[in-house]
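In the two complexes that follow, chain A is the common piece, with chain B as its partner first and chain C second.
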Partner chain A sequence: MKNWLKILLIISGKDMLIELKSKEIVVTITLFSLLVVSIFAVTSSNPSNLSAEIGSGIIWASIVFSGSIAMSKFFSHEEKNETLNAVLLMPVPIELIFFGKILSLFLFLTISECLIITAFSILFNSNPLSIYILIAIPVFNLGFSCVGTFFGIISSKSRSNEILLTLLLIPIIIPLIMFATELTRAGLEGIASQNFNLWLSLGILFDIVFLVVLTFLFGKIIEQ
Partner chain B sequence: MLRNLYLIISGAALLLSVWMIFIWVPTEVNQGLIQRILYIHVPFAWASMVAIIAVAITSLMFLITKKIHWDNLAQSLAEVGVVSAVVMLFSGIVWAKPVWGIWWTGEAKLTTALILFLIYCAYLVFRNYFPPGGARNRIAAIIALIGAIDSPIIYYAAQIWQQNHPQVVVGPLATQESSLSSEMVITLLTCVLAVTLMFIGIVWVQYKTISRKGLKNV
Partner chain C sequence: MEHGDSICILGENGSGKSTLLRIFSGLLKPDKGTVKVLDKDPYKQPENLFIKQKMGVLMHSNMLYPQLTLKENLSFFSKLLGIIEYKTRVNEVADELNISRFLNIEIYKLSNGNQRKASFAKSLLNDPEILIADEPDANIDNDTIETFSNIFLQRSKKSKANLFTSHNEVFFKKCSNRKMKLNSGSLSEL
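So, the complex of A and B:
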């Protein structure tokens, strides 16, 4: 168990180290998320009086789009430099490589969420931070990075990887987007979320189902 | 011989259903003429849902047996299914406006149908963008299976969403319940049969075309 954790940290640490040197993904996420939130802010006549429903939509639309751009960049680098093939030669279970990539994307997504929430708070004069969004973020990130890793590896082999990743990823994660938007809306309104237990069970169910199924299928796509 | 017989039967069924829709079936009292969209909307909704289930089954069969004809069948079903879904969505939107007063609502069945349509569009886009070969066929089958696994979760999410967001249905006929008379039921069943026969026929033609193309490439 301790060994597995070590391998996981090595795989994820490698991605973090590359990112620390190149800073490409963080810069892309920062600029893109700022751009998306700014567009909504400048096109809204009174940003301070934004309804919670639209506000939560803006936050999660920005996260989904900047996250999917970061993912396609992350995997196109892997494909270009053939680093994934090198990682696959490691004498470790293939599932651990999948989990390592999920962990890396989880961390990148968390950075992008911190930036988007800060930008949203400043530009819209509101505070989306609540217990609900703090619960929604890890559940969303786990599902998003799991499905994103799977489709990221698939689409990196195609000639139009950015558009293909977005097209494959977003319809599949719609239930997660609904879950995160609903909890954020409750946080922005400052009221208790209706059906909180149902939403949370849905988010966790999504994560478990896709983590199990995609871990099993990951070996099948890597065979190719 | 068998093909000609099939063409005659399905052509006759289509002509009969057109006659029934426009001439034979009585006009519904509450909704009026617009209710006749039902005879187009329901059969295409049925065809698209059958296609989605069939794509998942044929993809699974392809993954198990690795026989290319299952993959060709999955692709042809997905293509015809997506076209059926476009007809279903468009006819539903046109029907909803005069009856409910809105073009679209976040109702669970509508949301699920729309997202499944998007997933299967992505499946077809993937087949076009990815380099042809064994890897593409296997990954496409996996995507179809993921779509099938995701569909009950989407429906569950859409149902909870619906509980939180009561639907705004403001049309004059929004609250009226209407039941179908026996003529209407017969017309609807004839239309479902005609569209199913047409669907099978087009899938078969498409399957043959894809198989021939595959042989040519080999």
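So, the complex of A and C:
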């Protein structure tokens, strides 16, 4: 178990080091999302009175689209330099390579979301930060990173990988987007979500199912 | 293939030499037939982890992270190989290939020849029982060819095996003690 954790940290630590040097993934997610949020802010007649429903939609739509672009960039570099193959040649279980990539994307998304939410609260003069969004972020990021890693690696083999990844990724994570927007809406409205337990169960169930199924399938596709 | 064998696979462009090496290294699964490396299946977990621990691979692509320095690249792969004294080992292979002065330079800033040396250094980190190398002599100068040849010969003397492809007659004549030709999907000893 200790060894597994060590390998995970080695793989993810290397991705963090690359990101510290290139600043590519976090900057892509943050800048693209900020642009989307800013466009809504300047085109809205009264940004302070934005409804919670639309506000949560803006936050998560920008994160999903910018996240998928950043993911395709992340994996196309691996494909171009054959560095994923280099890691596959190492005496490391395939599942750990998969988990390592999930952890890296999870961290990139979390850092970007902190910046996006701060920008949203400034531009729309509202505070989305609540216990709901603090729960929504890790649950959403885990599922998004898991599905994104799986399809990111598959689509990186394709020439039109950016479009392919977005097309494969977004339909699958719709339940996760619904979960995150619902909790964010409750946070923006400042009232308790009536179906909080139901939505939370849905989000966690999504993460568990996809983590188990895709870990199994990842081993199979790499084997093939 | 026996201990101490240094086999060069020859063949025309497109004859399947690289594909064959990718199959042996476990990166590609054959459509039919079986492959055994060190008496184990290279495609089945966890037995392939044993093979990976004892194998070094140098493919046509250098398989290094361009944004990271040579030292960061070699340290990362050493850690994955479970080398405890990895800092010492990184310095050893860098010295062996005469690239110590590039240790703190990012891979993308190195010349093609030095990138090739860096990739070769990566494949030697675990002092592998089997070294699989696809055209190791590509993009390198004559002095480096000499260095690479000496490493191949020393490995053979230590009963370690090399399996490689090359189009450079001087290189493969010096480095190999067996030669095979791949032609129309058939491998024959020369």
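Assume the second predicted complex is superposed on the first by the 223 of 224 C-alpha atoms of A that agree within 3 Å, B and C clash if a C-alpha of one lies under 4 Å from a C-alpha of the other, contacts with A are read in each partner's own complex, and residues count from 1 in each chain.
Just so it is clear, a contact is a pair of C-beta atoms (placed from the backbone, for glycine too) under 8 Å apart; a residue touches a chain by one contact, two chains touch by 3 or more.
What you are looking at is a predicted structure, and each value in this text was computed from that prediction instead of being measured.
Of the two partners, chain B and chain C, it is B that touches more residues of chain A. In the superposition on chain A, A:195 makes contact with chain B only, not with chain C. In the superposition on chain A, A:219 makes contact with chain C only, while chain B stays out of contact range.
Within the superposed three-chain model, A:157 lies in touch with chain B and out of touch with chain C [touch as defined at top]. Where the contact sets of chain A with chain B and with chain C meet, they give residues 224.
Those residues of chain B that touch chain A in the complex are listed here as 63, 115, 118-119, 121-122, 125-126, 129-131, 134-135, 138-139, 142-143, 145-147, 149-150, 153-154, 156-158, 160-161, 163-164. Taken together, the chain A residues at the contact with chain C in this complex read 7, 10-11, 14, 17-18, 21-22, 81-83, 85-94, 219, 223-224.
Across the interface of their complex, chain B is touched by residues 154, 157-160, 163-164, 167-168, 170-172, 174-175, 178-179, 182, 194-195, 198-199, 202, 205-206, 209, 213-214, 217, 220-221, 224 of chain A. Within the complex formed with chain A, the chain C residues making contact are 25-27, 29, 43, 45-46, 49-50, 52-53, 55, 57, 59, 61-68, 72, 76-77, 79-82, 106, 122.
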